[in-house]
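You will see two complexes here that share subunit A, one where it goes with subunit B and one where it goes with subunit C.
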Partner chain A sequence: MECSNNMTIRKYITVLNNETIDFRSIPVLEYDEFMEINLLFLKNANNHCVNYFGIQSDDKLILICCIANDSRARIKLTRTEVEFGQDKIYPSMTAKNLAFNMFEREICENFGVKYLDHPWLKPVRYPFDRFTKTSLISDYPFYHVDSEELHEVGVGPIHAGIIEPGHFRFICKGEQIIHLEIQLGYQHRGIESLFLQKNKLLQKVTLAESIAGDTTVGHASAFANIWESLCGYEPDEELQFVRTIALELERIAIHTGDLSAICGDIAYQLGNSVFGRLRTPIINFMQSWCGNRLAKGLIRPAVNNYPFTSELKASLLKILDDFEPDFNEMIKKLFHNPGCLLRLEKTGVVTYDQALEIGAVGMAAKASGLNRDIRTSHPFYQYKNIDHQPVIKHHGDVFSRTQIRREEILQSIKYIRSMLDNIPAHNQRNDILPQPQRNSFTISLVEGWRGEICHCAITNENGELIKYKIKDPSFHNWLALALSVRKNEISDFPICNKSFNLSYCGFDL
Partner chain B sequence: MNIVLILIVSLFFTGLVNRTKSIFSGRKGPGIFQPLKDIFRLLKKGSVYSTTSSFIFRIVPSVYFSTVLIAALFIPFGGDRGLISFQFDFVLFAYILALGKFFNIISALDTGSSFEGMGASREALYSMLAEPAFFITIGSLGLLTGYSSFYQIFNSIHYSASASPVISYSLGMLASVVFMFLGLVENSRIPIDDPKTHLELTMIHEVMILDNSGFDLGLILYTGILKFALYGSLIANMFFLNSTHILINIFIFFSLQALFALTVGTLESFMARFRMNQNPQFILMLSSVSLLIFLGVMIITGKI
Partner chain C sequence: MINTLKILKHQGNQFIKDVTKVILKEPFRGRPLISNEKVDVTELVNLCPTGAISSNPVKLDLGKCTFCAECALKFPEKIKFTSDYKISANELSSLIIKEGDDKPIELNPVLIRKAISSYFHSSLKLRQVSAAGDNSAELELNASGNVNFDISRFGIEFVASPRHADGIVITGPISENMVIPLQICLDAVPDPKIIILCGVDSISGGIFSGSPAINRNFLDKYQVDLFIPGNPPHPLTFINGVLDLIRR
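Let's turn to the complex of A and B:
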């Protein structure tokens, strides 16, 4: 913990990734001051908003804003108290900085906080306990243009492929997309409140694994970090090793699957089938390690049930040795095929300014030249020992996002190989985790394959969870997709969508 | 004669294309008759109609099927005329096919779906662009031979006084390329369209038949295969030998159809589809190839 000493009055508190602090030590500011300081933080491109949420306390609403400083590996926390459901109207931060857009919409939806100058407080999802019960999914206020030349195309929520539900409303001029609006929230499961209801740790960690099925390791690790930190437990080298390997394997598997899907969308059959085949041994390795191809059951707080044996090491090395040459050959074919490049290049461009403005994270940010990688900026696990250099591309198009996948896969293979040289011994732990600390606040940032995952937890005076806040990278990045397809052809939308591969359920929670 | 052969080829044409694609992607792939079995399965089912569609939507599959069948009657086979044959019959041939397409388009619009309208407008644009290529090619061949019906043109192309077989066969090759790609355009195959995709927004032909089901869908799918075989038989006509045993011509016919299917399969395995706005360029390129044929004919016949 490090306080801002240079000011006479403490305006914010800075913490490290996975650090637990006393909730009461976060300074309470007046709303105006709170707004001013957070907007000021975001003036610097090294800072970005990782989470901003509300928690109800008696008749007040406490708002907590977490701004990560990527150059100094610190997270700045501020809080304020506002009235809600009253006539009191607050100025919105979104009017000054678009990065707060989704967060303020969410706060308004859940608690009925009124904003003066928010551009459009649309529903985010349709929670059971939303403040305004009259807003229904059937009367979502779509952006609408009255025009003879423009026409609307609605896609979803039920799609032709077996994917998750989400509605896309295009406003097109002929074949060209003028505007895309994405409406999500169809599979809101109330995960955040389930975390408070489920008392057993096993139930909680299983919930964390199912926040987004394709990021099982990422979300489960974030939860494990939070819980261990709350209980004052320091994960040993073996736990860190297992989670790092699992995170990198998940990255390889999903990125390879994405490459296959991208090839499928441009009807490049060879890439589609070869990348699909390459993904299988990786997820099968997960199966042989922990009994589940998506690594469910592998990550548990303070315990490792699946020791990484030397047989597993040998089989993983064999799999990677077989994977690499085939992967390199196929990716070379793909990147040298003019027909494929024609489809990928200059399609779905997100500029650096756009990515920065909307607070994009992960691959969506890195493709536009914006360096957002928690593995470097807020290192955790074995990333502290790996000198990780994020893969940054500058064109912001589908091709950049494809290239990032290639390079991250090769990077992950390199990291796994170097980690396998030094496998920590398996500890038979019988530690029983103590109760979580009282009145505490913990924030955990994990770089999943899609980007930064942020979990926050707050406990009460009995050490029970009173708030569990989840933020999947998709929460920031859906807007990047909507911006990327403007001025593109409507027939290029699927390939843009696939190049982001965002999570519906990670957003819907 | 020819119609029977076209029907036989249609039994295995798509199966052959699919099998080629599977083998190139390292899979064993379905049997050659699988597409046909699927169609039979569909033909046994009833159709579902939406409440917004009118009688047009119901009659179109049959109209579409019959137009292609009628068009097939125009095509001669070596020494045999087609069942329908007269001066300038190729004009009617082209417009009977276009009639089927027209009905397809209004049926798509009839459903009132925004996807189908999109597909209809694409299909209309591409077939409009493809039309000149067909007429210039067949017209040039007519100019070369001095005749004006399919039967006479194909029968005399390699035996006219003005051109040596070397030249006429090379013109025939060029014309085959035009017909092959026209076949791809008309059947919405890669690189113009992707028949395998599930993404409505990128489809052309597939999106127009999204609302069709059961018997209607089976009929439309079969018509697609028939159309492929139709273009294949146009190509085959360019290479028949006159005054030889009919079995040899039948052999030529089947090998050329198989070669056509293999080429399509190979193209689809190693090519990505074009971006939608590049399709018109590609289709107009076919017209320029046909102009090349026209120019060649003009030179040979000494008109320029």
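Let's turn to the complex of A and C:
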């Protein structure tokens, strides 16, 4: 922890990834000042907003803003207090910087904070505890243009495949998409408040595993980090090793599955089948390690129930040795097939400026030349020892996002191989975690396969959770998808959508 | 062309020849066994994150179990998860495993409607509805159709429109916000239709049980034809469950 000593009055506090601080040490600013300083932070492209949320305290609403400085591996925290549900109206930060868009919409939806100049203050996910209970998901106010030349296409909430629900409303001119509006919330399970309701640690970690079942390791690791940090527990080499390997295996598995789905969406049957089957040995390895193909049950705070044995090492090395040539052969074929390239290249473009403006993270940012990778910028676990170079592409199209998957898969294989050279010994821990510290605030950033996952927790004077805030990378990136399809043929929507592969449940919580 | 043929040759045959006879290895967690060993039952019951374990006698309800295996880790002498993945049932009581039980979980033939075996025996088209599912059961349902498991060889397929479907497969605990779309989808499926609940979240709400954001009243209105436990269910659990249902 370090403070901004160079200023006469302390305006913000700086923390490291996974650091726990006294909640009361976060300086409270007047709203105007809070707004000014956070907008100023974002003038620097090395800074981005990782979380911004509210917590009710008596009749006031405390707003906490977390801005990550990616060049110095620090997170700057500020807070303010606002009135809500009153006539008081606040100027919006979104009007000056679009990166706050979703956060302010969420604060408005949950607490009824009124904003003067927010450009598009729409509902986010219709949570059960929303401020205006009369606003219903069936009455979502879609953007509409009156024109005889335009028509609307509505898709969902239930889609054609085996996929989660969400509604897409296209405004098209002929076959061309002019505008796409994405309405979510169908998957809302009230998961953040369940973190406070369910008292057992095992319940909380099970919830974390279910935030997004395709990112089990990512979200469960973020929770484990938060909990261990709150309890003052330092995860040892073995725990860090297990989580790093699991994160990279999850990345390989899902990226490979995505390549299969991308091939499916362009009707390239060979790629669809081969990538689909290449995912199988990776997730089957997960099963042979921890009993579950999606690693549910593997990540637990302060304990490892599934030692990484030398048999597992041999088996994983064999799987990777078999995987790599088959994978390379197939991806080379895909990238040399003109019919496939025609569908991938220059489709669904998000420019660098757009990605920066909306605060995109993960693959969606990296495909547009924006370097956002927590593994380098706020390193955790074994990434501290790996000289990780994020895979950055510059065209921002479907092809760039496909290329990132290829290179990240090969990169992950390389990292796993090098980590397997030095497996920490299994430690039979019987540590009983102490109670979480009182009046504390913890933030954890984890780079999942989709991008940056951010969890924040706040405890009260008894050390009980009073706020658990989850942010999946999809929270930023759905807007990137909406922007990417403009001026594309509507028939290219599926391939654009798949190239982002965003989470519905991770967004809806 | 040559490269394509090379890939085909290198891939060889990937499909599982007989999906009913695959043997999964430990630590895969399938049907549990509960011994008659004396343990601290209160502690055992309190351990479970979803209240799946009850006492006198000790029972484990697979409809509520998240297969986290914490009970087996803490009480290895009492509870052991076997690799028996054939755990689907068509009545909830079959999913409750008692102390000393060691018999396979089977469908109750009396409860299988005649229409199911006569119409869907070798062709079953399903519409999947994710009602606040976490995308894990959905991933495994997708995997059922990949070249390894290849469920379509049995005439079982997932279709895009409920109008083309013979039934629905529900995943997730059913959120309030999905109540209306789910109802519309089921209503659009022509009769006779079947309902399958896939995964612990859909069978009992799982870890989301009691959440104010979910609404499970939908399930009170209909007879469920198949319960497929698991978190998420393994593709083999799903395939064998559905085959047992339609091949009577």
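Here are a few things to note about the model shown:
The rule we apply is simple: the second predicted complex is superposed on the first by the 509 of 509 C-alpha atoms of A that agree within 3 Å, B and C clash if a C-alpha of one lies under 4 Å from a C-alpha of the other, contacts with A are read in each partner's own complex, and residues count from 1 in each chain.
Operating definition for what follows: a residue touches a chain if its C-beta (ideal position, glycine included) is under 8 Å from a C-beta of that chain, and two chains touch if they have at least 3 such contacts.
Since the structure is predicted, the reported quantities are computational estimates derived from the model, not experimental observations.
Of the two partner chains, subunit B is the only one touched by A:Phe493; subunit C is not.
Legend: residue contacts after superposition of the two complexes on their common chain; A:Arg343 is shown touching subunit B, with no touch to subunit C.
By the touch criterion defined above, A:Glu175 reaches subunit B but does not reach subunit C.
Of the two partner chains, subunit C is the only one touched by A:Tyr306; subunit B is not. In the superposed pair of complexes, A:His151 makes contact with subunit B only, with no contact to subunit C. Set side by side, subunit B and subunit C differ in how many residues of subunit A they touch, and the one touching more is C. By the touch criterion stated above, A:Ser210 is placed in contact with subunit C alone, subunit B being left untouched. Contact with both subunit B and subunit C is seen for A:Gly161 once the two complexes are overlaid on the shared chain. Applying the stated contact rule after C-alpha superposition, one finds that A:Ser273 touches each of subunit B and subunit C.
The contact surfaces that subunit B and subunit C form on subunit A in the two complexes overlap at residues 160-161, 270, 273-274, 277.
Contact residues of subunit C toward subunit A in the complex are 3-4, 6-8, 10-11, 14, 24-29, 47, 49-50, 66-70, 73, 81, 128-143, 146-148, 158, 160-161, 172-173, 175-178, 180-181, 185, 201, 206-208, 210-214, 231-232, 234. Within the complex formed with subunit A, the residues of subunit B that make contact are 21, 24-27, 114-115, 118, 190-191, 194, 196-202, 268-278. The touching residues of subunit A, counted against subunit C in their complex, run 126-129, 137-138, 157-158, 160-165, 185-191, 193-194, 197-198, 200, 202-203, 206-207, 210-214, 216, 257, 260, 270, 273-274, 276-277, 280, 287-294, 296-297, 305-306, 325-326, 329-330, 333, 503-505, 508. Across the complex, subunit B is touched by residues 151-155, 160-161, 175, 263-270, 272-274, 277, 337, 339-340, 342-343, 347, 489-494 of subunit A.
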